[in-house]
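Right after this note come the structures.
Each of the next two complexes has chain A plus one other chain: chain B in the first, chain C in the second.
Showing the complex of A and B:
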């Protein structure tokens, strides 16, 4: 079977969906191939652009961007492209009913709070995750829901108090009764967030938080303020209870990442992007440095004029490895890595590891380059974690790189 | 100053076995262990309860000891043993002339080795290479080394035996050619203890030579590093041995839902040399593939290493050729009264080693009580009433698992679970519930999340702690269990241990898992950044 479109995007993480949206804006026909849920299901809707540089927290990402190593994707595409992409995204999200804000002029990165009781720098985030208010607060209530395994107020409080600027705050922990019966063993923030989208659920949350209103300056909640209706729920509760509500960032299943995922999916449908689920691309038909089509598992051929590859890294399968060898999974572009396996990783789990920066080398237009710097494929662009030269985990730059490179790859593909 | 009759140094199978044996004979004893219980080779091996088949040709005496002890342990420690049986498999690469020698040697040692038609063997173990030439069934079993040592410890405690973990021996005091006392430092608090005693037993395994040096003597114990791989699949239901002269990477042992492949044999510089070079992993895969052709497609959970305490008497062989037999030294022959050392040996025969040593020790003390360790089960079976109660508060299959893990403590944990509103399952892979984790974490022997992991198997399954470690540290903080280190440090330490086990196998599915772990704990939870920003 054959399917032909102008632009084919592979990968349904933030990079792939962004690329498909910007490509579709050109008016060309776009197909997006998905295999699995994409990385938004394990992350969040906050766009970390560059939280750390050289092990130090950055005040804001752009002034240090120029000092990143040359192979970093931000250096490849330039700071201006990153800024433009972020502006585009802010506008796009606002139009889709998910307001993400950058920090106020002169303020540094947003401060997010996690269910581990740590803080994390981020650039764009919805109001519900913005924890700036905690600095001026005196009395802070930390909530969980009965039988929610991953959120424990005492741990969060204990850890937050290890930060000098929070050491003197009055923190108190509370457990809300579980509203979902017969699922007691497996309550995650996602279960509650879905429940809160319903009128009963919203009423439950309102009633249970009401008793604490007026007594605390800030409520720290697991990410449970709804899914589709999250923004409205948060606003309504904040106004009615007259309190600052902050949703903490949690581990998978990632509630707020899925909120963004839903928004992007909806937009893709509205823009007429053809989505094909559960399609794993295994190989490519390349002729004279030009890709003609990709082949999926069932032997189906996906033809296009332009391709964007946003297949992710090691975790998502965009990069394949064998002992001492690494390559890009679709085009089998070899990655330059040492044969010594121990040299791939740091002895420290949070040290600087080579495998974390392993990925495709590209030019400023995101087309892949060979070792001599010549373009390998004229009509293929790479975006997101499949790119080399950066460490999303240590830098807190995952969504920033995905968004900026996805935006650029889609835009450029649309112009061809 | 504390007083006791015997101080035992080393909390591995041998030391704890000796503690149990002495305690059952009514001899007062205190055991000192520098780490946690069974932190050395007793938990760092493939978990094979030998039938003796492996030693039949080379050391028939050791083989006979193995089959006898194997039979005893299946009886007294059945909660720790999975009677999986074993195959000895002659592959296309093995010398067929060895087969007959091996069969005869097994018969001589009293090991039942019944031939099995290759077709039938492949029906039972379909992942084996179809081109194998001959198969024999032997009574090998899988044993949980860690649990067996703990159950021995519980039994010893019941008889009054005392254990001090995280206590490192710093000196052995002597007076007039006699041992007088042992001094040790608590590695967590820094406190020193001095224990006056009549006898000292050195059962420090790979560290035994260091202990002997404390009294100014010397001995030939060579630590020998063995690397092992744990796979995330039970691709064999039986223990699979190669039918050839013992070599590297020729044993597969299934445990629960995983399989362990081992081992290599390399001279180690230090007894705590647990570094796993990737070459060891690749070598094990190369050799293992001869038995299981699909081996490389299975996900590796971790690679790990232990050091065997090989005893080298003057001029004898080292490494693979060194004897797996044991040796007891009475240091009075060198002019020091009151100190015995036990060297070498292997896990399967730990009980026998303890018995022999205690016989000698008791004759010196004038104690006439006989060894009873082979007669009495390590722990009593839980009563049907307790099991019935447990089934209501544990997940379906989890009650049995918890009973086997917990031994004596099971009824207490069941009570704790009953008192809870909900006994939440914290580790879904290994079915470990909150009541059990809380109980173990509150044990003074637990000083970190890693200690809890070892005793409960928390985080040892498919997720390798990616999802259960945060919720466990959260739960423990919530219910007020405090460790000497902060929750964040605890979590980092726990994740670091897992990391160590994956680094030498960083490719394929393992690389994906490593990226996921970093995504959750660095990118989402910022545990790395917090390390420098949170105050101690």
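Showing the complex of A and C:
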């Protein structure tokens, strides 16, 4: 069966969904092909732009951006494009009932608190994750819920105390009683967040936190302040209990990424984007440097005028490898990797890894380039982790690159 | 029976987040734990956890998995292995063998049979064996598909297609099958319905009746092979039947699938109609033009197939029809799951988001491709629910205005 749309986006992570949304704003017909739900739904809704530069923590991503290596996606598309994409995203989220904000003027990256007791640099975050208030706080209560997986106040406090600016704080850990009775599995923050979306759940959280109000300056909570209603729940509780509430960033399922995923998916549907799920793209029909259609595992032919490929990296299937060789999975674009497999690994476990960096080389308009710098495919743009030249894990730039390149790829595809 | 390799799972928890059952009940360990994680213990012959029965086999784990792990299939294989040593209940036998029951009741007037099903006494008895008295069971059609088809006069046409109706259309919604025949005739195709075709086996397999499911698969594949060799496409309208043929038979009964070189998929009847429209065989000019708002629900077993939403595309092609996708998750019925006494409330909680989306939309007419989704949505909302082909025919057939 042959399907035709103006623009075809492949990949349902943050990059793909952003590309589909911005492409749809052009009024053209957009199809989004998904294979798996993308990593956003288990991640957070914070947008890290650049947390580390040259191995050092940085406060000002935009000041150092121009000094990144030339092959970095931010350098390819330019600082201005990154800024415009972030502004667009802030506005989009606000319109969808999810306020994300950048750090106050002159403050530099947000320092978010994680359930591992570490701080994490990020650029955009919702009010509930903003931990700036912790600097002036003296007494801080750290909460978990009985039977909750992966959130342990003693570990969090021990770790946080390693940071000089937190060493003198009065931290105290508490366990709230579990509201889910007879659970046959460990409770996660997501279970509680979903419960808190209901009136009973909100009442439970309010009643259990009330006893601590007035005794602490800040409450550090797992991300449990609701799902769809999270923003209202957080505001309501903060106001009624008259305390600063900070949701810690959790490990998967990290809750707030699912909040953003739901917002994006709803918006895609409202904008009329046609969503086809469980579609694994295996090959492409390319003629004279122009892609005509993509073929799925089921033998479907997905035709379009413009294509955005946001299929992710090695783990998501966007990149394929065998010893000494790596290539982009759909178009079989060879990636620049050393033939000697020994050179692929790094003895430094927390250092930069080729597996995280390898990816498609593109021009400023995100179209793929060959080794000589000539455009390989006229109507195909790449966005997100399938791009090469950056190490999202080391730099803390994953969502930032996904968002900025997704926004640009979708916008440019819409203009063709 | 081979175990599925659980090691493709990287334990990322995407399926846990997207599982509609885990969302509403903590009785279910969740797809990751019940599927790939437990599979490692099953390889060591460790005992089975009762939480396995809570998997609804809706396939949202398969759909959401970024690594291509077929979590729900791992669960169903485990359930089958378990059922070999622990006989499924009488209730599960009843729910699994709907086709046999339909065969028995067709000799009685449907009004009598349906009254027999919905009266308080029957409800009480069904509830006692474990079928929720709160559930609306589908009602038998007055004439089942085989009888209706036999008396239906098709014009003489040379191009041919074969139709696999599945037991839902056969017993409960034969008019949808007839609508397809009408549309195919109009597009120039004569429809063949081989009476050898039987239930695809989905309700049998998911309820633990492996042998019966295998028997059905063998019969169906033999028939399918025959038409394959003649070069005539075999169409189906039921998402769950299609999923069984396309991706489950090769996993559950690989030795049977080999007979067809693993190419066991049926063709999607609505995709076929779409291509008829594209080729100009089924012109839409002359269709009723008046305005109709439709909210479409994509069944999970359709989403799992990776073929998009042909029913929604058809609706969007109709002049005057404004169709929107509900995109509000699973309806909660999962075949026979939501009828079970201990699962009824779970099914309704799963469907609540869809029900709310429909009610809040202000749109009266709902459309979906799956028969049991239809029953569940009507039960949860009270809105009329049609198959997209019902709407297509209604707007094309001038004799029906």
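In this section, the second predicted complex is superposed on the first by the 415 of 416 C-alpha atoms of A that agree within 3 Å, B and C clash if a C-alpha of one lies under 4 Å from a C-alpha of the other, contacts with A are read in each partner's own complex, and residues count from 1 in each chain.
Just so it is clear, a contact is a pair of C-beta atoms (placed from the backbone, for glycine too) under 8 Å apart; a residue touches a chain by one contact, two chains touch by 3 or more.
This one's a predicted model, so the numbers in the text were calculated from it and none came from an experiment.
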item	value
Superposed partners chain B and chain C on chain A - clash or fit	fit
Chain B versus chain C as contact partner of A:96, first or second or both or neither	neither
Partner chain in contact with A:38 - chain B first, chain C second, else both or neither	second
First (chain B), second (chain C), both or neither touched by A:64	neither
Winner by number of chain A residues touched, once chain B and chain C are compared	B
Touched partner set for A:133, first chain B, second chain C, both or neither	neither
Partner chain in contact with A:253 - chain B first, chain C second, else both or neither	second
Partner chain in contact with A:115 - chain B first, chain C second, else both or neither	first
A:315 touches, of chain B and chain C: first, second, both or neither?	both
Partner chain in contact with A:213 - chain B first, chain C second, else both or neither	neither
Overlay on chain A, chain C to chain B nearest C-alpha distance, Å	5
Chain A positions touched by chain B in one structure and by chain C in the second	39, 42, 184-185, 252, 315, 317
Touch list for chain A against partner chain B, complex	39, 42-44, 48, 51-52, 55, 57, 114-121, 147, 149-155, 158-159, 162-164, 167, 184-185, 249, 251-252, 254, 313-315, 317, 321-325, 340-342, 344-345, 347-350, 355-356, 392-394, 396, 398
Touching residues (chain side chain C, partner chain A) in the complex	10, 12-14, 16-18, 23, 26-30, 33, 51, 62-68, 246, 265, 268, 271, 274-275, 278, 303-310, 313, 324-325, 327
Residues of chain A defined as touching chain C within the complex	1-3, 31, 35-39, 41-42, 180, 182-185, 187-188, 190-191, 194, 252-253, 258, 265-266, 269, 274-280, 296-298, 300, 312, 315-317
Residue ranges of chain B touching chain A (in the complex, touch as defined)	277-278, 282, 422, 424-426, 467, 470-471, 473-475, 477-478, 486-488, 491-492, 495-496, 499-500, 503-508, 511-512, 514-536
